[in-house]
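In this document, chain identifiers A, B, C and D correspond to the written order of the chains, with residue numbering beginning at 1 in each.
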Amino acid sequence: MSEIFGFTAACLVGLGLYGLIVHSSALRKILSFNVLGSGIFLLLGVIARRGAAAGLVADPVPQALVITGIVVAFSATALGVALIRRLDEDDEEEGEP
Amino acid sequence: MREFYLLAGVFILLTVAVGLTRVLLGPRGADRMMAAQLLGSGGIAAMLLTAAGLESAAALDVALTFALLAAVAAVAFTKSSGRAARTEED
Amino acid sequence: MSEALDVFTRIAVSLGAMFFLAGTVGLLRFPDTLSRLHALTKADNLGLGLIVLGLLPQVAWPFGALKLVLVWVLVLAASAASSQLVARKVRGGKDRS
Amino acid sequence: MNAVYGLFAGLSALLLVVAGFAVVTRRHFAAVVGFTAFGLLLSLAWVALAAPDVALTEAAVGGGVTGVLLLSASVQMRAKMEVLPSWGVRFIAAVLAAIVTAGLMLVVLMLPDEAPTLAPAAKESLAFTGMGNPATAVLMAYRALDTMLEKVVLLLALVAVWSLGRDHFWGGRPDFDFSTQTSGPLLLLARVLVPVGVLVGIYLFWVGADEPGGAFAGGALIAAMGLLAFFAGVARPPLVGSGWLRWAVVAGIAVFLIVGFGGFWGAGDFLAYPDGLAKPVIVVIEVAMTLSIALTLVLLVVGPPGRRP
């Protein structure tokens, strides 16, 4: 039954990819990239749920991987936002509209 | 009884998700923020019901985390929606 | 005894769900921001309150119950404070223009 | 069970609608609101997938600190609406995305019936560490090296963010956007919520050994409370140049490394825990990690120094 989330994950990856291509502003690209990443995490979650064995309801290894992944994704997002801000400031100083 | 919890949770989630159209309609930043706030408390309610329905005690902790973060998000939205509105007026 | 409690839970949770429905309808149909705020706070406080009340007899005593009540109190505090902030913002905007 | 099926289907539909909204809408502010709502729904999905640890981390990191970060960025942008490319470009992008989605769906359908799993191996490490929560055992014992390197990634990201500050601001406080105005209700909220939130964060970290929770969820929750304190004006972002801050930020990695090299002497390998002492050693690492994570997340959100020291 957890395969439903597998399909959802596939759609999320598609949505994120679409946003990553069509958006021109960096902020929206970052946001789309996060949606894409969430799709991949969700896929790992489905794989973890299918790997239930040895008395555990799910395989904890992919789950731990996702926990690490969420934090790494956040670090990348924070760095991206900091870059956008600095770019904006520099644009303003050069007097661009 | 477990079925009842889960169905009630899904019902609340779908209801407040319809309210999200306010985010589209606006017109003020405050209206958008209120829709998100409604989704927040609806999500907390759904999480509590899921905790009961799936008999997962840990889901209660997730609901607790939600409750705390809903407040942070609400404050951040109010502060920034005011800013966004002001710059829109400029 | 436990059957009576189950009936109580069903009634309280259903009522709570109704308040969420009412809050959503109000948020979508009420004409101005302040009355929408009124609808929203009803859903927040009463809807969630009734659900917490309904679930209280069903959770582990005492820590589960304590967490449930804590969730409700936190949402109440957050909703009260942010309603104030929203209302001030809306009124402040009107005064200026 | 039909109700579980309903929950899965309902959650999936909502996830897609909200994510679609966040990606497609032209208004930046609405997109960020949508993304925060998406984080909330995602963490419900994690509970449904029997992964409460991930749900907690997603709620605290995805919904909390990422939301505030993106919001502060969207507020600063001068253009409030997105300019989308022509209809044709969007169509081609949609087709491309649909192909990738279809491919992934095929993969989901073709997943082997007998799912490969590392659960038995993780279960073994569970017995060795004396912990009750398999996810924490994997993070701290079975794959501890990954967790340590991930802390290094966080630190590197912070170094990179700080390096984007201007030279004359170096050593000053970060200029966190909306910390200028405060009001009564906000002050009250911060004074009530921040202590409770920090307490819940410590609780999450503490039960993480045996129940869902752990250093990441606890640290992220404490970080969100720090942001709330900045919003209300009851605390200010710290001076970037201060010595205590640097020690606190590297504390997690430092303890990890000390334990790691201590492993050569005590147990014969890098990051090997001595017999019988695994649990106390892990708790010491986790305390330092929670502190470092909370602080690093806050510093990543508030950004590089923006005021003169």
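Simple rule for what comes next: contacts are C-beta pairs under 8 Å (C-beta built on N, C-alpha and C of every residue); 3 or more make two chains touch, one makes a residue touch a chain.
Remember, it's a predicted structure, so these values are computed and weren't measured experimentally.
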item: Pair sharing more residue contacts (C-beta pairs) when C-D is set against B-C; value: B-C
item: Centre-to-centre distance between subunit C and subunit A (centres being mean Cα positions), rounded to whole Å; value: 31
item: For subunit C paired with subunit D, centre-to-centre distance based on mean C-alpha positions, whole Å; value: 28
item: Subunit B and subunit C: spacing of chain centres that average the CA atoms, whole Å; value: 11
item: Subunit B and subunit D, separation of their C-alpha mean positions in angstrom; value: 19
item: Multi-chain contact residues (two or more partners), subunit D; value: 4, 48, 50, 53, 72, 74, 78, 186, 189, 193, 196
item: Sequence positions of subunit A contacting 2 or more other chains; value: none
item: Touching two or more other chains - residue numbers and ranges from subunit B; value: 4-5, 33, 35, 57, 61, 64, 66, 68, 71, 75, 79, 81
item: Chain-to-chain touches, reported pairwise for every pair that qualifies; value: A-D, B-C, B-D, C-D
item: Subunit C residues within the subunit B interface of the complex; value: 6, 9-10, 13-14, 16-17, 20-21, 23-24, 27-28, 33, 36-37, 40, 43-44, 47-48, 51-52, 55, 58-60, 64, 67-68, 70-71, 74-75, 77-79, 81-82, 85-86, 89-90, 93
item: Residue ranges of subunit B in contact with subunit D within the complex; value: 2-7, 9-10, 13-14, 17, 20, 23-24, 29, 32-33, 35-36, 39-40, 43, 46-47, 50-51, 53-54, 56-59, 61-62, 64-66, 68-69, 71-73, 75-77, 79-81, 83-84, 87-88
item: Interface residues, subunit B side, partner subunit C - complex; value: 1, 4-5, 8, 11-12, 15-16, 18-19, 21-22, 28, 30-31, 33-35, 37-38, 41-42, 44-45, 48-49, 52, 57, 60-61, 63-64, 66-68, 70-71, 74-75, 78-79, 81-82, 85
item: List of subunit D residues in touch with subunit A within their complex; value: 4-5, 8-9, 12, 15-16, 19-20, 22-24, 28, 31-32, 35, 38, 42, 45-46, 48-51, 53-54, 57-58, 61-62, 65-66, 69-70, 72-74, 76-79, 82-85, 89-90, 93-94, 96-98, 100-102, 104-105, 107-109, 111, 115-123, 134-135, 137-139, 142-143, 146-147, 150, 153-154, 156-157, 160-161, 164, 214, 216, 293, 297, 300-301, 303-304
item: Residue ranges of subunit D in contact with subunit C within the complex; value: 183-186, 188-189, 192-193, 196
